[in-house]
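Chain lettering (A, B, C, D and E) follows the sequence in which the chains are written, and residue indices restart at 1 in each chain.
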Amino acid sequence: MNMSEQILQTQNLQAFYGDAQALFGIHFALHRSEVVAIIGANGAGKSTFLKALTGLVKAPADAVRFKGQAIGGAHPGDIVRQGMALVPEGRRLFASLSVEENLLMGATPGRPGPWTLERLYAMFPVLKEKRRNPSGALSGGQQQMVSIGRALMSNPEVLLCDELSLGLAPVVIQEIYAALPAITADGMSLVIVEQDVSLAQRVSQRLYCLQEGRVSLEGDSQAVTREQISQAYFGL
Amino acid sequence: MDVQVIRSTRASNAALVLALVWVVFAATLPLWGESSWKREMVEFSCYFIFAMMWNLLAGYGGMVSVGQQAFFGLGGYALLVLADIAGLNPFVSVVIAALLVALVAVPVSWIAFRLQGGYFAVGTWVIAEVFRLTIANVPAVGGGSGTSITALRGISRAMRENVTYWMALACVIACIGGVYLFLRSKEGLALQAIRDNEVAAESQGIAVGRMKLVVYVVAALGCGLAGALYFVGNVRISPDAAFGVNWTAFAIFIVVIGGIGRIEGPIIGAVIFWLLNKFFADYGTWYQLGLGVLAIAVTLLFRQGLWGWVQGKTGLTLFPTQRLLKVEL
Amino acid sequence: QSGSTIKIGYVSPQTGPLAAFAEPDKFTLEQLKKATAGGITIGGKKYAVEVVYKDSQSNPNKAGNAAAELITRDKVDLVVASSTPATTNPVADQCELNSVPCITNDTPWQPHFFGRKGNPKVGFEWTYHFFWGLEDVIGGLTSAWSQLDTNKTMGALWPNDEDGNAWGDAKLGFPYALAQKGFKLIDRGRFQSPINDFSSFISEFKKNNVEIVSGVLPPPDFANFWNQAGQQGFRPKIVTVPKATEFPAAISAFGDRADGLTVEVWWSPNHPFSSSMTGQTSKQLAEAYTAATGRPWTMPLGFKQSLFEVALDALKRSADRSPEAIRDAIASTNLNTVVGPVNFKKGPVPNISKTPLVVGQWKKAGKGMELLVVDNSLAPNIPKQAALQAIKYA
Amino acid sequence: MSSTPLLTLEAVSKRYGALTVTDNISLSVHRGETLGILGPNGAGKTTLFNLISGDVRADAGRIAYEDRDITALKPHQRCRAGIGRSYQVPQPFGHMSVFENLVTAACFGGQQPEKEAWHTAVEVLEKTGLKVHANQPAGGLTLLNRKRLELARALATRPSLLLLDEIAGGLTEHEAQELVDELRRIKAEGVTMVWIEHVVHALLSIADRLFVINFGAKLAEGLPQDVMNDPEVQRVYMGMEA
Amino acid sequence: MFETLIQGLLLGGLYALFALGLSIMFGVMRLTNIAQGDFIVLAAFVAVALAAQLGSGIGLTLLLLLPAGFLIGHQLQTHLLNRTMGKDPLPSLVVTFGLSIVIQNALQEVFSADPRSLDSGGLNTASFALGDMSIGVLPLLIFAAAVACTVGLQWLFARTALGRSFRAVSDDPEIAELMGLKSWRVYAMATGIAFALIALAGWFQVLRTTVAPTDGPMLLLFAFEAVIIGGMGSFWGTFIGAMVLGLTQQIGFTIDPGWGLWLGHMVFLAVLVVRPQGLFPKTRG
């Protein structure tokens, strides 16, 4: 496998909510088996960017290329079938489905791959315990695990995670980030939106910083400095 | 620190002046108008008051009821009992009937409030059915056959028409004014908060239960008033007609066409309904069919009703209830 | 008031559950139009006749409103209405309240008169009504039933509505009269229509060996009852259920199971009367109707026609077009119509005139059903066509 | 801590079916102190708040506030008594403006007449940096601003006890620091606070005392440094092997 | 007493059949179909028209009716109802209410106000003896159909991927799309199934009694009550709710026919006062 092969790119990606423009020409690239972090202040457009990648926000077809194909503005279902899955901001579980059914919903696209219920339960044993419980009755952290698991069940080639650690106990954040290598080991690429900058730097190879809908910093995670980052955050 | 809060708009001030002119104009109608105008005005006042109350309940209180006809019918039957059986003056009876209905609404709310959302809608409908079936089994008020209200037979036509007309007019003004003032007060805030999020409202110190009860009882009072007023004009009453679900259906129609959750809504809706009725009612089946299609079309094309659409285009608000903080930047 | 046009307001249930009663309306209004094409003369002055036709939507509120609108907006000179108390009572009430002359029919006179709290000593001032009464239907039916050898036990199906309450009224309705005539009555009380299940009635009827069933039911209720009776093996000899079985279309919905059902007949092509408006005999009227609409005759046809016969007659005799004059003319009506003679002076109570009633039975004829008169004891001038037969079960 | 506690929970329990989410918890909060609550996800922290604010009724136990038994009071009564809360998942009045959200809280929770409520609302707007959004519908705010609104609205009820459920989650370090500064000012005004937070360093910079819950039961309680050094807490919550 | 019981259950079967379609639409789309009764009546008229046009027997009529029902439901959802979906229940309430008026009046325009029925070839009066009681074949068939439909729906919803997707879309359509579902298609499928049931109910209704254009609303309320007594979205709940309703009405009729329906309503309200969420809220896997 060629490490430098770009699995996902965006070219001059713009996105709108009605008349309000949220993204102003984002250039972005992701390689196979790479972990890329996206950071940025609140409202910078991180979630919007992920939504545009997965089709939840409309984008011009050519602006997003996935495995060489133009997929901008395609139906979210088609995009997930091609192998890109999202762990949405705020968990968004199906409240009337049990934990296990939520996970099974993730398998709807029917992509073969390493992720099965057993493997997930091995990674998050609590979920196995609660697999018959309605997901609405889980705590926040447990819900986050289901949300990740649900995305993994589609066996994506690219997994997008929006604010993974939000509201999680340190112990869970550790568990989840400890699981990342196992996830990427199979060749899966990751895009992580993370508020905790040092954590983002630690787990990713490259990072992008967004500011008001534009990329204000891009670089090797280990190489960028604190100063560069705070400048990129607030545009000082 | 000086805090400035804007509570009126230029349009609303103009509307207030126009409203005053209209009131004077309307109040003198018996002096120069036709008796058919008075009758139409009374009839549509009833529809309007009923729709206004439904709007208060559903649009502001978040309680979508399909059972407001319960109070309409009760208003009518209370009138029958007071005027025909107890022998009170029929016009005085209208007011007492409305108050009685409000009283009945208190225990009824106890059952209705156990339910929420769709359950509430259907539950209130069933409550109305229970009233209908109960009244239908009381021979003293005519049972299932219904009966005629005879208390008005002795009163001269002009007197009856004028007094009914003025009563209806007073009720309409009281209804619009009352609802407007209520929504502008801090209780109005509470009501909106409850509609948006009941749990949060409760935890912000709003006595949700009591507030809903007040709204429910006020709406019942208004519906009872509409009912009593209606049957003063339409002297025949029967359970099926008095407790018919189409009362609420028409209210929904009026409110949705005009725009729910805004005072202008039922006003516009009632005017449109009146015009349609005036010009097309004689087409029978086709008229009804057209009403159905219209309701569907407006819902699909103008989510916020016609007034909501106008408001979206022009920003016009005739009855502003919001508080706009003047922020100097 | 518009110069030289006389306006008649007409309220009828064009739409809604009672719409079957209004089926002949368009035809009747056509007939009227032809008959008054040249205008009519009132008090020496010539007037054109215009009918303002309003729908009651089968709803008493709408009926009352329609009447009020006719009076206040259209300023009609006369209001006419027909077809069940739900239409005629609110219309008559509005007219009485607003001092406008009014003629109604097609509602048994007791629910019309007493249902509106009429006083038999005084009557009403403005409203006149012609139709048969409960005493007629009781007399006619019991006489017809007596043609067969039964145990004289009758099961009642009277809903809690204007008609059911009138028929089942302890004093004015069937119960008292049946007791007088030696019938045993199984009456479980008024029920709320519509009702989806009659098994509680059927088991009670079976237990008491009921051989005659009678009531006033809307078609779906009767269909429920009749099918469940079949399922539960209840086989009465005589079934007389007005309303559900008055209309040919409703009857055809029952298929073969309609064979042998009995019903009171207020008008048929067989009635030996003719129209004062068009000169048509009953038979000619029915034929003209079928020719014009392609539909079989129905009982309301005669009454719609007669309603306008009485109206026109009164208008023509009126001294002028004032409401009082028109009312006085109505009060002094003495007219032979297609449903029989109408004379408000001869009624059992003021303002009412009775029309003749006979009893008929639906019999299979070719593919369809035909209604044959099987008892004419109350109106011997209407020929009897067959003898009553017990219902045949397969 | 000699004065009587502001809030006392005595052996409070709550079960959902077979699951005990609050297991016999006893807890005192003293006037003026800031109590931090820690615990793994699903430990029952939010439930504890729900029990205190009255959103959820306790199955057993007693809750006292200002020497008054409030176990049977409705949520709005507890709010008027001075208990203000924010929600972990923001619950704004979406169709009302931010300003109106706050006026509502001040009018009802704070029991102020409308004019005074306006002043309170403006004060809070300024404190929380929401003033620029004052006339926007609250439903259209970003997640962060909705969280700010949660805090603001709780403040507008002019509470003497403030319950904060994860208000620092999702903040940048800079923003978290601003928040802590804000809370310090509130604390200086004498408001007693109970704060649930997973962003531990933010919590530690202000908490006087910590209370750790695990599986609905108390795991540890005491001064921050003691609790954080508790090997059991480190293992269960921080994920550090002893 | 035993007879009352049996008849009550059979009546409950009828109500269950009326209610199941409503329950699906409630459950999947939070959609209150005010026109449920009118669509049943429409199906009945279509059955009559089919039988008259093709001269087909009742069996063939049903065979044609079921897919037609599915198709109509599917199209209705796709082109009309999907545009009313959302948090606010009012738009769908108003649109279905509008449909109810349109159907009633259109039927009256096309078929006139006359009641119709479908010749069942004696099925409607056929019966067999059970002890000294005689039980109708048609009511029993209706009951059996109700049980079969309930079992089928429950299985479909709780045990199949399709059922899962129904519930998922009902919870959060946007995220369901992320899982690869097209929510409008799922909705259309659900409404299609609901309308196939409506077609079945209409077919039975026109076999057992006569049907007139304005009969719809009276079919609706009982269906509603059954759904709500049971707890929205649970099919066994709906079935049991229908049984409770049928039984109480029947007992009420036996005691006093004037108060039978009243008693049914009272029991409905009583259930709700005791258990506001219904007896068996929400289907769970």
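Simple rule for what comes next: contacts are C-beta pairs under 8 Å (C-beta built on N, C-alpha and C of every residue); 3 or more make two chains touch, one makes a residue touch a chain.
Molecules present, by chain and UniProt name: A, D = ABC transporter ATP-binding protein; B, E = Branched-chain amino acid ABC transporter permease.
Treat the numbers as computed from the prediction; the structure is a model and nothing was measured.
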Ignoring chain D, partition the remaining chains into groups joined by touching, separated by vertical bars.
one piece
Length of the shortest touching-chain route, chain C through to chain E:
1
What is the distance, in whole Å, between the centres of chain B and chain C, each centre taken as the mean of its C-alpha atoms?
38
Chain A and chain B: spacing of chain centres that average the CA atoms, whole Å
51
Roughly how far is chain C from chain D, centre to centre by C-alpha average, rounded to an integer in Å?
75
Where the CA atoms of chain A average out and where those of chain D average out, how many Å apart are those spots?
30
Interface hub residues of chain E, defined as touching at least two other chains:
105, 108, 258, 261-262
Return the residues of chain B touching two or more other chains; collapse runs of consecutive numbers into ranges.
133, 136-137, 285, 288
If you look at chain C, which of its residues touch at least two other chains?
15, 160, 190, 192
Would you mind giving me the full set of chain pairs in touch?
A-D, A-E, B-C, B-D, B-E, C-E
Which part of chain E faces chain B closely enough to touch in the complex?
26, 30, 32, 80, 83-84, 89-91, 93-95, 97-102, 104-106, 108-109, 217, 221, 224-225, 228, 232, 258-259, 261-262, 265-266, 268-269, 272-273, 276, 278
Contacting residues of chain A [partner chain D, same complex]:
41-43, 89-90, 126, 137-142, 144, 163, 166-172, 174-175, 195, 197, 230, 233-234
Of all residues in chain B, those that touch chain D in their complex
1, 3, 5, 185-186, 189-190, 192-193, 195-197, 199-209, 322-325, 327, 329
Which stretch or stretches of chain E touch chain A in the complex?
161, 164-165, 167-168, 170-172, 174-182, 233, 282-285
Quick one: in the complex, what on chain A touches chain E?
54-56, 75-78, 80-81, 85-86, 88, 92-98, 100-101, 104-106, 108-109, 132, 134, 150, 154
